[in-house]
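Both complexes shown next keep chain A, but they swap its partner, so chain B is in the first and chain C is in the second.
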Partner chain A sequence: MTAVTDSTESDAAVGLPRLLPPPQEKRARQGLEQHLARHGRLPYRDRAGTLIRDIESAGLTGRGGGAFPVHRKLQAVSDAADRYRRTPAVIANGAESEPASDKDATLLWLSPHLVLDGLQLAAEAVGADTAILYTHANRKNDVGARLREAIAQRQERGIDRVPVQLAEAPARFLAGQETALLSHLSGRAAVPTFMPPRITERGLGNAPTLVQNVETLAHLALIARRGPRWFRAVGTEQEPGSMLATVRRLDGQPKISEVPLGIPLLTLTGELRQDGAVLIGGYHGTWVTAGQAQQLTMDNASLAKAQAKVGAGIVITLPSDRCGIVETARVVRYLALESAGQCGPCLNALPRIAAALAEIAGGRFRKGTLEDVDRWSDQVAGRGACHHPDGTTRFVASALRTFAAEVALHKAGRCSAASKKPFLPVPQATARAETDWI
Partner chain B sequence: MNQLLGKGSHTEIVSGINSSTVMWYASRATGVVALLLLTAVLLLGIGVARDKRLPGLPRFAASGLHRNVSLLATAFVAVHVVTAVADGFVKIPITAAVVPLASSYERFWLGAGAVSFDLMLAAVITSLLRRHLSRKTWRGVHLTAYLCWPVAWFHSVFASKDIQHGPLLAVGIACALAVLAAAMWRVAEAGKDVPRAERVALLMAAAHSRIHSKGSRERTFAQ
Partner chain C sequence: MADKLLVNPIDCKGHAACAELLPEAITLDEWGYPVLDPRPLPPGLERHARAAVSACPTLALRLQRA
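What follows is the complex of A and B.
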């Protein structure tokens, strides 16, 4: 794993890290024996509904970016199963198709058993007979082989009650979107579909389906063991618990930290220059200025002040020798190319916005370029089958806001960047044919 | 004419509309306008389905117009139905508006009108509730618009004698020809679909080439 986990002694005092191996075992993968020694046996409840109540009082929210209350999804699937008399399916979503994020892959590499525990407990809570782990198995360090080994080991020891299948996610930005994921698992292209029906009601093979991010499931497995009060020992009252963050500072290398929600943003970014900028939440996220960053803490209540969200916990500091507009333009080009090509608003607006940003980044301003971007962004708001256009235009708007001075510089045909080397990670391969989506 | 009706007042001769015929004329007129509006809705709908732009208007104008004109058409059909029922010259029960064959007057052709009105209501209501329906359901119902229009056309042309000659017949035929041409274009166009996975790259290339080419906006900028 290229990602380095990061923790300090003060973390140990509050019991962090919870999900990742303890610091003295840095980078050590948690085998089944270490896992059982550290966390104890898998606490099946053998009674429906009790875990859902615990999750509710713990206040666990989805860690894949949406921050949706987990107990409500569990309850919805459980209710739908009763209503339609269908046995539900549970899917652990480890697609992590956000290029700037590395926390799910790191978690699956270092603590796979915690995720698999969570998958079993969630399956028990909703009464599912199907459990699928959806991930980029071949991404790095052969996570796939490691997961297969872990699953086989658990089966041998009789730990898992529901057999777990491993599914490979295509390398597309939208592959982790719930409806795209479902479409892929049903044998079609991994493109988002229109809701309703909600997948909690009719998902995989028309069965009620629970999709949870792998980190969410790992938290769930720990809440089942240690209870809601333990979970709430860190984090804020409104947004309790800890989260995995992918932090990139000036060297550009991803570092995975497990931090309590609500910590000051600066503890993740380190000291910032006066004119620095921070990207929060990844490529559907928000740029904020160093001035804003000093006021913010890592929870949605605070980040809302800067129109930002915790998202999947990505925090990136822009180095002083790079241009925020050039970096944003490169990412937006990637996002536009990752459009599924289904819905008009996305298909028509994103390539135009990407081209306009390329004009701005390249200093080839035309009269009305900025106004065009504003207008197109307004026109796509809230439309399409998924949030891809919304997330992209939010990202673009925050860049134009945060780097207003840089935009003015580009207008004059100049750019402040000393280095032309790309900083934000952007995959090179773009989809050319239908098979790239399957 | 003048001599036959000679004793009447001037206004009666010119208009032919009086308190006993106003409903009848209103029904005729709204019926004809509704046919024109429904034709426009269908043409716009075909355009929207193929992602066509209206010249000089932004991209969303076609779908916005399609939506609003369809609501306007519904209003005209409603007035058309209510005035036809309210007119006392022929007895048409109000149920005949939605129940086919419920009227003894022009049983078959009024039935056709009821069928097309039902299909129209189905399309409008499912579109208003679109957020709550699956795309498949909505699309399934919406496709019946292709059935709704021909039925409405036959109702228009055959339910009354006054559209079977003169300028009104020309209007009816023009509507039919326009829809026929649009439908044929729609079928021909469907064969030229770009596969979904290739669309973005194509549009991306087009958007970027506009930066480098001397587009109309660049000329404006130079002036």
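What follows is the complex of A and C.
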């Protein structure tokens, strides 16, 4: 589903939105003509590498969840290409495998040309001859058809120098992880593989490979046009620029806002009840209490105080009639089922942690259950081929912290929830067979 | 420079041969999968470490320059 976008007049004063269509064209898809009229031509540099310095000055970081400095990845791929004399590949990651997120689908639906521009410019910066756009298959709006049309139009007009291939991501949580993505593009299951070497050294077909989130590429395309100073006009000194956030308030519907990094968390959530809670960063993210939320701003420096991260920009307010433990248990069950089940520690720990949470959610749980969860979480930390177990246990620990009073209530066989209706979005179908991953 | 152990968790099948040969640096979790000491190997253990690496039936264990 493509969400409603949200913006205000004060946004316009600081030049937002940058990536999404302006408010007067609310929800209007930006066709090629509108795109060119608003942003101008694609500023190829006609030399590999020159864009990398601008990206470094801009301080752009990845918007797919990791906030890794983009210039370092560009440089690593470019260096590896020289070292191994291999022409690199560039991949735009639009898998958006996080069920609570909708910002990438919205960006691809509303501003596809900005992402495609970024893909071309990144390809030029590292000297790539392969460009792939990897997107989520199961969306309500047919983003794929939209993108095919946009790609064909650009080809006809001679805009793209590197031909763009479209690839569909399986609707699995791990499908967006970069080694899973490469595995899928190589015709195997979309499950992670073990590094090293890094994919920037040896990725797709053993070529040095750049994988960036689609939003990251859209920012890159604007920095190439307007420069690092423009980019830094919003955001914080340490974490500059704007970001797309998927905000879900009490109605649960996703709303996509483009906001400067560093804005108060409450501008996204609105006023919170005193005993409320907010989930920041999605299902590998962190629950915080309303009290904490009031102190926090949307940047990693601030969120670290609550052991949270911006992640892929998901901010969800838990409605007062729902139980945070019940909601978390349901999501953790999904996360455990989405584990690729390849690594012993993950295969053993996640289902046990999920079962323990279900027990806690169900009430009157065993005495040692909480200790078990702690111990299993410690044991699995850092021991998988990917970060799925680490993200999952961070999410679980934050729930047990934030909803400690609710846990005590459950221990006594009670639950504060007036409604049992599931709130956090969890896909119905989970992987059962090998073919589900292809 | 000292070496460091690295396990590929996808290939590791928890045979535990490694932990028997190098208990100083490899312990087992409650499911029988190896937990590696993250520190560089103390001098004198290299030979045992190499033995553990070659004993792994799935070639999941490696020695890496730290």
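Descriptive notes on the structure:
Convention: the second predicted complex is superposed on the first by the 433 of 438 C-alpha atoms of A that agree within 3 Å, B and C clash if a C-alpha of one lies under 4 Å from a C-alpha of the other, contacts with A are read in each partner's own complex, and residues count from 1 in each chain.
The rule is short, and it goes like this: a contact is a pair of C-beta atoms (placed from the backbone, for glycine too) under 8 Å apart; a residue touches a chain by one contact, two chains touch by 3 or more.
In this text, all values refer to a predicted model and were calculated from it rather than measured experimentally.
Under the clash rule set out above, the superposition-derived model of chain A with chain B and chain C contains a clash between the two partners.
Once the two structures are superposed, chain B and chain C can be ranked by residues of chain A touched, with B on top. Of the two partner chains placed around the shared chain by superposition, chain B is the only one that A:Glu359 touches, whereas chain C remains out of contact. Once chain A of one complex is fitted onto chain A of the other, the partner contacts of A:Gln379 extend to both chain B and chain C.
Of the two partner chains placed by superposition, A:Leu110 touches none, neither chain B nor chain C.
When the shared chain is aligned, no partner comes close enough to touch A:Ala180: not chain B, not chain C. Once chain A of one complex is fitted onto chain A of the other, the partner contacts of A:Thr193 extend to both chain B and chain C. Of the two partner chains placed by superposition, A:Leu210 touches none, neither chain B nor chain C. In the superposition on chain A, no contact is made by A:Ile280 with either chain B or chain C.
Contact with neither chain B nor chain C is seen for A:Ala306 once the two complexes are overlaid on the shared chain. Applying the stated contact rule after C-alpha superposition, one finds that A:Gly344 touches each of chain B and chain C. When both complexes are aligned on chain A, the segment of chain B among 27-35, 45-53, 81-89 or 189-197 whose C-alpha atoms clash with chain C is 45-53. Overlap of the chain B and chain C contact sets on chain A: residues 193-194, 342, 344, 348, 379. Those residues of chain B lying in contact with chain A across their complex are 51, 58-60, 132-135, 195-201, 203-204, 206-208, 210-211, 217-218, 220-221. Within the complex, the chain C residues that touch chain A are 8-14, 29-33, 35. On the chain A side of its complex with chain B, the touching residues are 189, 191, 193-194, 196-197, 333, 336-342, 344, 347-348, 350-352, 354-355, 358-359, 364, 366-368, 379, 430-434, 436-437.
Residues of chain A touching chain C in their complex: 192-194, 342-346, 348, 379, 383-385.
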